[in-house]
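In what comes next, subunit A is part of two complexes: it sits with subunit B in the first one and with subunit C in the second one.
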Partner chain A sequence: MMATRRRPSRWSGGRRFALLTVAPATIILIVLSVFPLLYSLRLSFTDQQLLSLVPPRFVGLANYAQLLQDNLFWSSLGVAAAFALSVVTVQLGVGLALALALYRLPRYQQFIATLLLIPSILSSSVASFQWRSLFDYSSGPLNYFLGLLHLPLLSWTADPRLALPSLLLVDFWQWTPFVTLLLLAGLHALPASVFEAARVDGSSSWQILRYQTLPLLRRVIAITVILRLIGAFKVFDIIYVLTAGGPGSATESLAFYNYVQGFRYFSVGYSAAMSYVSVIIVIVLARVILRYMERPVGRPAADVPVAEAAV
Partner chain B sequence: MQVGPISRRRFLSTSAKAGAALAMGGAVTTFLEACSATPNASSAAASASGTVAVEIDEGQNANPFQWFNPNMKAKFGATTNIIGLPFVGQYEKIVAEMVTRSSVYDVLVFPPQMLGDFVSNGFLAPLSELGNESDFNLTDVLPAYRDPNLRRNGKLYAAMYDGDILQIAYRTDIFSAAGISQPPQTWDDFLNIAKELHKPPTQYGNAFLAQRGFCYAWFMNIFAALGGKWFTADMKPAINTDQGVQALQMLVNLKQYAPPNILQIGYQELNEAYLNGSTAMVVQWDDLALKAEDPSQSKVVGKNAYAPCPVRNYMPYSRVMAVSAFSKNQQNAYKVIQYMDSADVSIKYVYDPKCGEDPFRQSHLDASKVKDHLGNPSMPAAQAQSYVGAIKTCLTTGYPELSIPGAPRYLDILDLFVNEALAGSLTPSQALTQAANEWDSITASLGQDNQVKAYSDWVNAFHAAGVTY
Partner chain C sequence: MTSTAAHSPFPSGRAVPTPVTGGRGGLLASVVGVAVGSVFFLFPIYWMLVTSVKPPSEWLTSPPVFIPDRLYFQNYTDALFNWGGLKGLVDSGVVAVSATAIGMVLGTFAAYSLARFRIGGTNLSFFILSLLFMPPVAIGIPMFLFWSALGLVDTYIALIVQYLTFTIPFIAWVMKGFFEDLPVDLEESALVNGASRLRAFVDIVLPNVRPALVATALLAFIFNWNEFSIAVLLSRGRVTTLPFILPTMMESHYVLWGDIAAMAAVGALPVVIIAFLLQRYLVRGLSFGAIRSE
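This part shows the complex of A and B:
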């Protein structure tokens, strides 16, 4: 007699256990992430105002069309782009230089790395309040030192030409150490044999950096760039504390303008549309960087300098 | 659709389950209602010990509630628990709480510019329904602060806590030394005096609040003097007019004779610029006088006089107290408001340099009453005379701050563009045109007809109070 094998139920054994284990996280994800995402998408197609007596209407893509004509949106996008570009360029350059310098100082590396962690473990708002004191026109230490040097005192956060650079300085102070540590960790993960071989082959320090270190470090650099790009694009705390978007709208970033629309004017439909545009911009930028990261590390032989090719 | 026997069974089974679920739902609802009733009951019981949660902008303005806590405890068994909110951002924080019908606040202290939004959205319980209007001795409240600030749709929603108005504080010693015998009578005068007395870096001609957040009020102060209005009767913005451009240009010109960090100057910084002796004259809220004559805060005690602003005096901010519609402790909240608003209590804090409250009752306007809450004189008699005299004149020429639905939003947009002009990013004309365009969008989003009616009611309330507008 042929034994009848019972077909395993969808809910039997390990499968049920697996589903039960995954369920809480899935439910939390749906409730806290998926639902708000879909809800805000729906909101972005309405003209909902939290404090209006006029009932909300479905307006299709009108909010998105309005964004295109909104001067404040474009200027805030410009501020966010300028901020993000400066942050990524400067912090990556300085962070890389510091990481390379630290890599050559194995003796003090741990101590310095610990010190470097301090700014990034502070909350951005706390750091901003400290910087507000530093920037103070009449009693701030920065102007005190300028005075000692007989230089003109600066209105750090009130001069339209200086306000954004001042915010960049705060972000630079807080996040460059973090970039340094990420790149330092990346440097430690590189295979030492490659560098030894390069040195044996007579490569100069610059050649090793240009043709070995940077290409091998590319993925870490890409991740660092994405992290800082996202952080810089959504910068809010330091603007809120230090300039409130001013003077005028000189430091009103996209995230800050979105906050103003959503939480000061309660134009939640418009604000939701703006959030989606921000998300799309960040996703596209991240995608471009990831594509660059996925490219193979090697280069065509024709590109290799003669000295290297000879090796 | 045909329903077979099995389907019927399923149908019956499903119906039974649904019925059970509904019954459970009903039970749950009843249970929830019972639960929600419990805090009511307990808060009623607690009202004997009664802690009333008072929302107010944090800092000096919360002090009077603290000072009078023991008296309130003794009088009606309630004390206050202050929930301080940041001055900038207070509106959004209150709204965010109230749209969820939260009962976290019992008493709300806020500027009347927010009253239109709060009443139209049902955030406030009318005081006239919680007690008697006569509890508030309204005839003693100065007309400009009375109905326009406290009443909507015929109901009393709020009681005064702080009556604000802008006035000039100037240094008599500097004016005398320069041979200037009287304070400025016109804005051109003001500019000329500021220019003459501007001797940087030791002495600046004038200072005003130019930081983002409230700089619109200093623009409105000049705009009002030039005969400007907020809107036309059909809610077209009236700020992008010749008077508007002229007023904003005047403010931009005054920047030349102000401290170099003028765009960083907010309320505290403006006080400091005057109190540290570096500025010859300022336009500031009237409570500056109390601080200027307080030796613990000022380097210029006894060297000051106070005057109305040229032609009109803008009345920015002020503070009123109201009971939250979602409070579970409304009766005690009402008692706290009544107590703090009363003439004999408010006279003890409106002249106190340790808080920022200013007179709002007829009975306050007596120079001999300029004393702190401990009963000590808070300024020399001559200065008290000048200060109270200036307030009396200011109030006859007071220019009202907008307080229709959406007012905080209209004001914030105006502030942004005034600040753009002060920062030099836009010309006064460009700034006001852009502000007017944004105002049109706000009006459209709130409903043109609703806004026309609200504006008309508001203007009529001022006319009825005898305020020229």
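This part shows the complex of A and C:
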């Protein structure tokens, strides 16, 4: 808002143009999202079943009360939380190590980085099917390698204790390259002078990483963490293809349980109530991310947001 | 990128102090790390490609066949003609191209106003950003009821319009960043010379962000091409995009890994080509505009 005032008056005069250009997109987005959200808010107060002939009744907050007592709901929240936490810590750790390693190898760096990125740009449907074949008990390469090492073979997605870690492996494979690429971009934007000074001071490599590099990277790290958190929270596709939530409910995340209630059991009202829990979580996460992404008007960002953190 | 490392013809890792650990040991560890990483991240891709050219007798062998004796391309003709891959290519293409084209027009205009006029303030920005991160399942039920009420479930229109819920926010958000990076002087001098705002935008601003427009459009295309959850919720078998076809191939008793791998490869090829064309823009696009990379 401050920035608007500093703008030449001509810019504030363009209000009509601004409204006309922003309106079509905004109207479409409102029709496509606000209406459905309001409609499902209403549904969430009813006991509507999709294929039922009985007219739906208004049940107030009963669906929400039922949610609180639904063990499967809590376990799906637990699965979603466990998934998100492992995704963020493991992918960030390995992604950082890989980014630091790639940084040391300037030759062919961009080519290697793009090659490594292939998993992240594939459809999750394609990725899931590749892993389904890799996970195959008798003919899959993973168990073949375990056999070579004289280790016991694993039922990757059929064992209740292993199913979630197996999905995490697929997500790790698909998204760690993406994390690596973001952190590598962050490293490239760091000011070299800081490190020169530290080196002259006789700091060790580890000290430089710990006290210079990581603090300067914190903004890129924050954005990466939030993007992966949201991705992990939304995870649906690989569950749909690889485990369908099973065995039992071992891999039923919030999004997937929501789908099961709505599209398998047709409990539309109940499913809508669950959607609202997701919506609230996403809104909170989006609030956080907005803080990291917004920049002042018309002021070109210093190369990467990181540079601001350096000041 | 500000760093010289990425563009210098010679490795500068040891000559210039870097944010990264020094020494020969560090360099060796880096080479090993990148090599191990490459094997892990690329092996499944190799497995897909090699499976796609294996004859049926080698699909389910134990031990698995890593290097087939001969190349068997019939999987591709099976995938394309028997499993509807060709129709899948057409459907994916129609949906992805349409959603991207409409999204580009609406999203770019919106982005310009968001960047230059701060129209709608943070509330509008926040609204658009939230949509980008909304899980499709969260609006799945009303979305499905809406399209059934219109009798349009399982049609191009439903998918294209529904894909706009994330395509417009994505394009608006990334292009907003590019417009913010563009100095305002250019448009201001055009306005002083009597151009209308629309003229200034079309004649002055757009040509200056042409590479960004191309990059954003291609990334939006990748997301639309790959989309799976909405397709699952809104397709019943008439409109079949490639990601939607793959699960339908699992229903048979005998798992047709060769055909599945061929279909997956057909679906992957366009996005991989685009990614290599777009190397410079990938970071910015994939981070939804949050991180710049050149």
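Just so we're on the same page, the second predicted complex is superposed on the first by the 265 of 311 C-alpha atoms of A that agree within 3 Å, B and C clash if a C-alpha of one lies under 4 Å from a C-alpha of the other, contacts with A are read in each partner's own complex, and residues count from 1 in each chain.
To be clear about the criterion, a residue touches a chain if its C-beta (ideal position, glycine included) is under 8 Å from a C-beta of that chain, and two chains touch if they have at least 3 such contacts.
These numbers were taken from a predicted model, which means no experiment stands behind them.
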{"item": "Which of subunit B and subunit C A:Val126 touches, first, second, both or neither", "value": "second"}
{"item": "Residue contacts with subunit A in the superposition, subunit B compared against subunit C", "value": "C"}
{"item": "Which superposed partner A:Tyr64 touches (first subunit B, second subunit C, both, neither)", "value": "neither"}
{"item": "Contacts of A:Ser138 with subunit B and subunit C, given as first, second, both or neither", "value": "both"}
{"item": "Subunit B versus subunit C as contact partner of A:Tyr211, first or second or both or neither", "value": "neither"}
{"item": "Which superposed partner A:Ala244 touches (first subunit B, second subunit C, both, neither)", "value": "first"}
{"item": "Subunit B versus subunit C as contact partner of A:Thr26, first or second or both or neither", "value": "second"}
{"item": "Which of subunit B and subunit C A:Phe263 touches, first, second, both or neither", "value": "both"}
{"item": "Intersection of subunit A interface sets (partners subunit B, subunit C)", "value": "138, 263"}
{"item": "Subunit B contact footprint on subunit A (complex, rising order)", "value": "47, 49-54, 71, 137-138, 153, 155, 157-160, 243-250, 260, 263-267"}
{"item": "Partner subunit A, residues of subunit B touching it in the complex", "value": "88, 91-92, 95-96, 99, 117, 120-121, 211-213, 259-264, 405-406, 408-409, 412, 416, 419-426, 434, 442, 445-447, 450"}
